[in-house]
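The following pair of complexes shares a single chain, chain A, combined with chain B in the former and chain C in the latter.
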Partner chain A sequence: MALNQILQYIFSGITVGSIYAFVAIGYNIIYNSTGIINFAQGEFVMLGGMIAYTFSNFMPLLPAIIAAILITAAIGGLIENVFIRRMRKTSVLGMIVITIGLSILIREFALSIWDEQIRALRFFTGNEISSVNILGARISPQVLWVLGVTLVLTAGLYFFLKFTLTGQAMRACSENPTAAKLCGIRTDRMVSLSFMVSAGIGALGGCVVSPLTQTHYAMGSDLAIKGFTVAILGGLGNPMSAVAAGILLGLIEAFSISILPMAYKDVISIIILLIVLVARPSGLFGSRSASALKDY
Partner chain B sequence: MKKYLPVMLLAGTVIIIQLLTLITGKGFLLTQLTMSTWYVIAALGLCMVMGYAGQISLGQAGFFAIGGYTTAVLSTIDFSARTGTSVFSFFDSLGLLLTRQTIYGDTVIYLSPWAALIAAILIAGLTAWGLGVPVLKLRGHYLGMATMGFGIIVNRIVVGTKIFGEADGISNVPPFKMFPGFEISGKVGFRVGNYYFAWLVVIIALILLINLINSRAGRALKALHGSEDAADAMGVNTARCKTAVFIIGAVLAAVAGFFMTHYNGGIGPSESSVIKSVRYVSIVAVGGMANIWGTLIMGMLLNFLSLRGVFGHFDDAVFGIILVLMMMFMPDGFIRKEVFYSIKTLFRGKK
Partner chain C sequence: MNKILKGLLVLTLIASAMLTGCTKEEETIKIGALFAVTGGASFLGAPEAKTAEMVVENINAAGGINGKKIELIIKDTAANPEKAISFAKQLIEEDKVIAIIGPSTSGETMQIKDLCQSYGTPLLSCAAAEAIVDPVASYVFKTPQKDSYVAKWIFTTMNEMGITKIGIIGANTGFGNAGLGQLEKYAPDFGIEIAAKESYDKASTDLTAVLTKLNARDIEAIVNWSIVPAQSIVPKNMKQLGMEIPLFQSHGFGNIKYAEAAGAAAEGIIFPAGQLLVAEKLPDSHPQKKVLVAYKTAYEQKFNEPVSGFGGYAYDAVMLIAQALKNAKSMDRNGLRDALESISGFAGASGVFNMSATDHNGLNMSSCEMLTVKNGQFDLYK
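On to the complex of A and B.
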């Protein structure tokens, strides 16, 4: 393989990996505040892309994307308020079942609004054929947008969780909800907020990759399992390492296409998921002893 | 004998339904009833895994597809080009090769579906064992994702591989001639026979499952559902119990997939999709989790309505709504004793 070809694979891997990272960050934020794995996480990405596409037909791109993020975040908050809050006392089995039920409902809802067609948001800069030359590899400027947004999001999330009062309160809730409550933190509000933030992040991801990977009403369940693979690879509960794990999985998938048929791409990442789940459930970057104490 | 009373009642109901369709002249309904019955067998398998042993499985459709595709591949191989090879003479000496005419009048030599049935059971059982031993160590969300991952793997392999017909599936599966005068196929002449045969398989499965539930192993499973650690402490070999029940569930699904494929004359990749697995989960959930009768009744009802097209565009959405509503308002399921009692008191007034 020539250098420019390898670079081409690397860029496409990082792009796909970024979208997995967006989903995985969403998983982690909700998991931290509730202990739930939200199987409907992939649906937020789809909603983001779809809503932004609809709005972009009659307004500029930026407001359309912002509207998509806000609406999806509102849907996330609504889901938490209407369904998850009442379910606090049920079993893990019940939680899995209800989030799966919700993901199907969102998908069918999207199907009846946007039908079966594949849609794509327009390119942020340039169009389908414009490309940037980096060391002989020709890549779409949208790839640079995806990388930039991922970087900004990661840095922003780090800053938010580490330095703002709300972010610190959210972290406190995930460390110990009872203690957080005793300190005067409204834990139920934090749970709502975490659903809104993770839905919003999913929607943002859906918008930036939509020009490259297109948006389809049924894309959610694939993203859900890939995003989960990434969340587990990075260590569940750790949003930052999810970015590294996401890019790693994206690269593995991109290079697997050069060896195996395209159709088996998903098989490889799911086999990685199964191996990691069984052999090292704490993830590549997670602490084993800490994960032994957690309850899945 | 008392525990078999419901089974006898069921057998009676099955006969009455057939007679009703005969009297009203709506014999065509038997086709969808038979198909629902095959789906119900897969749901009964999941009911054991999820309801009784408490292990969530989002990959039941994968095992259904394994059963269906095994026979679809094996019984559509044409051996007439392979006469004289060692494989040919091996199957021939066992009497497993049959001939049939294609619509163009060519003679095709194919493997007996009996061999495919044994292969389907073995492949599903071994896959369940190979998957179950490591994966059933996981709990909760991790187990859910791992089994869902298995289902997606089956789906992707089926869609991406030529011998499985890729996105088109396999459509020219021959009828299964079980014994002279009876075959598993969609032909109108065998409609009533197939209906009774499907119910015969259900009743055999039910008797086996009822015996299992009321045995020592069944009580161990219930203990496992309650608390895995407590069951472990009481001396239950939890790992073995879970794997065993997972294999039983997988084999039931594979058998269902096998017969469904011969009944329909084909199978497509949608049988292995995540949404199909979720349907089985919602049937078990609405039937009351640890309740094979609830699963049977709701499975028949929902599958029949879905196959009749009653839900229209909202076919999948109905199953999603069921999951959400059940978990919110009736986490113990719809078919259970308390519901009957509360209906009773509704009519009699409170004591």
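On to the complex of A and C.
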């Protein structure tokens, strides 16, 4: 294979992987503070793209995206307040089922607010036909935006969780909610915050990828499954490993296409997931001892 | 006072009994419809359901058929074959419909083909795959153009352009797989070599990897056969990869929204489709022009969205039933079936229908036209 082709597959893999990562980060943040797998995560991505598209019709792109992130984050907070907080007595499994219900609800709302048509946010730089040449590989400038945003987001999240008081409080809730409460951390606020942050991150992802992948009211469920695979692959509970696992899975898929018919792409990713689950149930980058202490 | 009340009560009872007696005599004609109004194929089902409702409304407003009103019962299958089967049974057994129109997708239609046949209920599918009417089942019809016409149109155009080596890709759906099969079947007849064939998941969001693979095979054109939103992703990805070879798509591209979603990348895409999309540009002598312009204007005014070829399939299904019922010897399922089979020279949205015992589609090659995207609009190719 020529160098430019290898590079082309790498870019393709990283782009797809970044999309998976956006969803997987959201899973992890909510899982950390609640132990819930929020299957409505894909819907946040869809809402981000849809809302930004609607606003972009009468305002510049940047404010439209910011508005989309804020509104989606507010929806995330609202969901936590209305459904999750009031049902805390339900088992974790029950809560997961609730999130599946919520994802269907959001999808149906989106169908009636917008319609069944596909929409695409306009390109941040250039348009549908512009492409950048990097060492013989050609990519859309939007791919660079996706990569850049993923990078900044990952770094930002790392610093937030590691060095800010709020971030540390969020981590404390995930390590041990009771101890966190004893230290004076308002755990319920942290849960609210985690829903808002992961909804906002999902919306940001939805905006950045929309020019490339397009936005459709029913796109959430497919994203949710792929994002879930990535979250498990990386090890639940660690947003950073989700990014690594997402990009890894994207690359594996891209190179599998280069050798095998594309129809086998998902088979390969599922086989890898199964192998990881058997050999390392805590995920590729997860800690074995930490996962032994968790419910799921 | 009490007696008067009692008397009134008896009178009302008698009156209402008489009224219900009257409505029974004036029974409606029940037509069932299975459309994927929501779900992954909603871009097919939604315009189909809207169209069917509109056409039935118009027929009823004009006095119905032979004095009887049509009652349309639409079920949303969400493109799910299991739902299609259970709704079809419900429509046939409980609602006792005279015929079913739809489903929207080929996969669903193939699932209920035998069912409708064994119950002797006419089915007018709005899905494209050739297998729906080949082999012919006596009660199963379809309104969209056959896949083979579409494949032949694509290859004819390629011959004119001097293209001999191509790559084909399609969605992993009933429609996509059937289309790829037709392309492979007819390519040798036109002297065209298929150097690569790939199918992708219908929810795919990025196809640069598979296009990179095709690009390495020195092909002169790509055919993409799908009805999913990937139709707008393929052209974008090709431009991003710097691929300058022509892109052909199937008649599934007949929705201007796909061209809009692909933006500048849609320019120059070549695809065969019914004349509906370019109705205004047809010469006045064209047999379908009047029908097409009337339907297009009515749809766009009523629903405030551009017409798509898919709505046209539902338009034809309802109109064919209406036409057949006017000619039918008996107003039942068998009478309708016989009348459907003898329809000839009927100008619909997808073409001029000439049904026969061996042809349950009734359209010919001239029902398609090669179209292209020019300045964001559909236009005649050439």
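Observations on the structure shown:
Keep this in mind: the second predicted complex is superposed on the first by the 277 of 296 C-alpha atoms of A that agree within 3 Å, B and C clash if a C-alpha of one lies under 4 Å from a C-alpha of the other, contacts with A are read in each partner's own complex, and residues count from 1 in each chain.
In the analysis below, a residue touches a chain if its C-beta (ideal position, glycine included) is under 8 Å from a C-beta of that chain, and two chains touch if they have at least 3 such contacts.
As the structure is a computational prediction, the values presented were derived from the model and not from experiment.
Of the two partner chains placed by superposition, chain B and chain C are both touched by A:P261.
Of the two partner chains placed by superposition, A:E175 touches none, neither chain B nor chain C.
Legend: residue contacts after superposition of the two complexes on their common chain; A:I118 is shown touching chain C, with no touch to chain B.
Applying the stated contact rule after C-alpha superposition, one finds that A:I19 touches chain C and leaves chain B untouched. Within chain A, the residues touched by chain B in the first complex and by chain C in the second are 108, 222, 261-263, 266. Chain A meets chain B in the complex at residues 36-37, 39, 83, 86-87, 90-98, 100-105, 107-109, 112, 221-222, 225, 228, 232, 261-264, 266-267, 270-271, 273-274, 277-278, 281, 295-296.
By the touch criterion given at the top, residues 37-40, 42-43, 45-46, 172, 198-201, 203, 205-206, 208-210, 212-213, 216, 229, 232-233, 235-236, 239-242, 257-258, 261-266 of chain C touch chain A in their complex. Residues 50, 54, 56, 58, 134-135, 137-142, 144-146, 148-150, 152-153, 156-157, 159-161, 274-275, 278, 281-282, 285, 313-314, 316-317, 319-324, 326-328, 331 of chain B touch chain A in their complex.
In the complex of the two chains, the chain A residues touching chain C come out as 5, 8-9, 11-13, 15-16, 19, 108, 111, 115-120, 122, 127-131, 133, 138-140, 143, 209, 212-214, 216, 218-219, 222, 253-254, 257-258, 261-263, 265-266.
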